[in-house]
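In what follows, structures are represented as structure tokens.
Both complexes below contain subunit A, partnered by subunit B and then by subunit C.
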Partner chain A sequence: MQDLAVNLGIDVLFKGTNFIRLLGGLWTALWISLVSVAISIPLGIGMGVLMTKKNRILKAVLRVYLEFIRIMPQLVLLFIMFFGTTRAFGWDLSGEAASIIVFVLWGTAEMGDLVRGALISIPKHQYESSEALGLTNTQTYLYVIIPQTIRRLIPLSINLITRMIKTTSLILMIGVVEVLKVAQQIIEANRMTSPNGAFGVYLTVFLLYFIACWPISMLAKYLEKKWS
Partner chain B sequence: MDLNAIAEYLPLFGEAALLTVKLGILGIIFSIIIGLICAVVQYYKVPVIRRIVSVYIEISRNTPLLVQLFFIYYGLPKVGIPTDAETCGIAGLAFLGGSYMAEAFRSGLESVDKIQTESAYSLGMNKMQTMRYVILPQAISVSIPAFVANVIFLMKETSVFSAISLLDLMFMAKDLMGMYNDTVEALCLLVGFYLIILLPISIVGTIVERRVRRAGFGS
Partner chain C sequence: MADALLTIDNIVKRFGDNTILDGISFSVKKSEVIVIVGPSGCGKSTLLRCINALEPIQDGKITLDGEVIERNSKTLPLLRQRIGMVFQSYDLFPHLTVLDNILLAPCKVQKRDKEEVKQEAMSLLERVGLKEKAKSYPRELSGGQKQRVAIVRALCMHPEILLFDEVTAALDPEMVREVLDVMLDLAKQGRTMLIVTHEMQFARAIADRIIFLDNGKIVEEATPDEFFDNPKTERAKQFLNTFEFDSVRAKKELAE
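== the complex of A and B ==
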């Protein structure tokens, strides 16, 4: 049993505080994605509402923003934010701040598109009827439109959370110490005593990500079925 | 911005882009094969294999590609499975993409009404014929939008290949930024090349989507 653990490099996990450190790394990844989602949701709703407006220039600008964010790999966006803007404008940005900014830009675009989709799926007569009843614009959205869109939106935005958590694995590349970086450090530090550490530790990281994302996507699936 | 530097780096980025495209296309082809197999298994509810497929889909959809690649590239050799970087990149992309493609194809297959299959059987078609002439043509038109989105998604995901020391676009940009400090130039080239690769896919995808939308039954 002992031999097997050494051969698979699982023993490293139980040395010192290694496992706790991995969990700490996972927590970094989680809080960055949760903060980003919390900021993106209100911004995304605002963007979605703006995208349904008739103004052509506004529509075009938002469209270009959405398409650019969508077509660029997230890693490229992270590089532009972390290396590019700091160089071009001479400000200072920590890895965490850069990742949150990129995730918010990305989340707002995705959320905005989801909200737009949900809003245009509401038939026009809903707007017209509320206008005929004398509701103001704010009241129309607050009491008529939003309650109808929210059921469609919640499962989709929960999915966005899992996508963000998965994408946080990339922030290792701009020097944020998250779970993969901690894994690398542990493997390096124990290179002599457990040369097979890479297998056990990376397998653990793999499972940790799965444990973090799977319940959330199950919840999204459940809500989607229940509310559709 | 230094235009001379850009001209100098252009061929380097061209080579890196070729590698990115090559690995991306191979990965996507394998994803399609895996996805088709998984979708058919789930559609016909093949016992036992169906369970394995759904476990695979959940695992692959709920873990990031970077972690999958690290495990394949650094972890597997420790238990005696040697992997070189390119194979590993393609395998990782196929492992990830297979589940996304499976979901796209499955939603297409499931969208075909049961009455279509029953009618085909009552007309004397066998299982293969029903699949070939009745279900597939309708299923494909439904799954095309998700399929196109997956192709773009997988092509974008190749950007993490630099982490397992493949000389792709990302790697090139990082290298030049580190060596010559031409950050802005390198990033402009990076964005430019990704646009060259991804924009055509996106545009062709939109055109195809528009054409197949008319093929849907009853519309």
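== the complex of A and C ==
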């Protein structure tokens, strides 16, 4: 048992406060993604509703925004936000702030597109049969359209949330203390005593992300099945 | 005209430059069953949709018991409660059970007592043979069952007139009958109905009056016997011939 732990490099984790530090890193990552998700969802709903409006200019602007965010790798956005703003505007954003801004820009765009898709996927005759039953516009939205939209939206947005959590590993690149960064520090510090440390630490990081994301994606699958 | 329940007075409906309904007038008396027939694309669905103000009209007037039906008027939701409509496409609400589909409008719109509506809904469901499906979701029903539920949903609002737009057109042949039987039953109860259908035998059996629509106008208006046995216009004859052809071929196949 002991040998196996050394071979896999897992022993590193039990040295000093290493495991606690790793958990702390995961917490920072989760915290950043959760704050971003919490801001992105209401903004995304607003954006999605705006995207279904008839105004052409508005539609075009939002479309360009969405495509821009999709085409740009998140890493590039992070660099622009963190280093670029210092150069261009002399802002001194903290790593956390820069990460949250980028994740919110991304989350809002993706969420907006999901909401737009869910709204336009409600067939026209759902509106018409509600109207024909004498429902007012508000009642139609309240009892017929919104419940159906939410059912379509929840599994998709959970999927987006898991993607956002996974992507937080990128934050490492701009120096926010976070799982991978902690992991690397641990690996560096223990290079002499645990040469296999890299494998064990990354394995643990993998497991931690898995443990954070797996229940969420199971929930998404379950809801998708239940409501399809 | 005095006892007309629904009056269509010279209505004109255009989509862009395309005139679909060009001065249509007729009226429906209480307990009358009128069947509207005509070639595909002649505007039958559009006519029903105008009556319910799902489509705005460009000219003319539609009144229910003297009250004008107008899009964007304040009284429209109230008037619509008095007009039941069943569409060709299955239009049940997929997120609600059969029973909740039926209860939604009576409870939320008419603010009636839930228990009372529930009892009524259950007895209507029983009448159309779907009592045990009350807790099912629409996706668990066949097309014919969905349409029967849609009819019950409309009935539960206590409408004064029912509009049916080819409610069997999207159904598999073996399910057509169960839906038509429900409608025949409604006719027997003395319901006022305006029906669009391609089922000619059914039209003949259920109608008090047939209205033949073509090119945006009422070409012929007659009792079923007159219309089917002695159509007066050439266009009606041609239209009926398209159905005859089918039955001749069917007879030949039988003879073989």
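Keep in mind that, in the parts below, the second predicted complex is superposed on the first by the 207 of 228 C-alpha atoms of A that agree within 3 Å, B and C clash if a C-alpha of one lies under 4 Å from a C-alpha of the other, contacts with A are read in each partner's own complex, and residues count from 1 in each chain.
As a convention for this text, a contact is a pair of C-beta atoms (placed from the backbone, for glycine too) under 8 Å apart; a residue touches a chain by one contact, two chains touch by 3 or more.
Just so it is clear, the model here is predicted, and its values are computed rather than measured.
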Open item on the list: In the overlaid three-chain picture, which partner chain does A:K166 touch, first (subunit B) or second (subunit C), both, or neither?
Closed with: first
Open item on the list: According to the stated criteria, A:V64 is in contact with first (subunit B), second (subunit C), both, or neither; which is it?
Closed with: neither
TODO: Mind working out whether A:L203 is in touch with subunit B, subunit C, both or neither, as first, second, both or neither?
DONE: first
- [ ] Check whether A:G134 is in contact with subunit B, with subunit C, with both or with neither, and answer first, second, both or neither.
- [x] second
TODO: Go through the superposed model and pick first if A:L34 touches only subunit B, second if only subunit C, both, or neither.
DONE: neither
Task: More subunit A residues in contact [subunit B versus subunit C] - done: B
- [ ] Report, in rising order, the residues of subunit A that make contact with subunit B in one complex and with subunit C in the other.
- [x] none
Task: Interfacial residue positions of subunit A with respect to subunit C in the complex - done: 123, 125-126, 128-136, 139, 143-144, 147-148, 151, 227
Open item on the list: Considering only the defined contacts, which subunit B positions touch subunit A in the complex?
Closed with: 58-59, 61-68, 70-71, 74-79, 152, 156-160, 162-163, 170, 173-174, 177, 183-184, 187, 190-191, 194-195, 198-199, 202
Open item on the list: If we count contacts the way the header does, which residues on subunit C are in touch with subunit A in the complex?
Closed with: 52, 54, 77-78, 80-81, 83-85, 87, 89, 91-95, 104-105, 108-110, 153-154, 157
- [ ] Would you pull the subunit A residues touching subunit B in the complex into a rising list?
- [x] 7-9, 67, 71-76, 79-80, 83-84, 87-88, 162, 166-170, 172-173, 180, 183, 187, 195-203, 205-206, 209-210, 213-214, 217
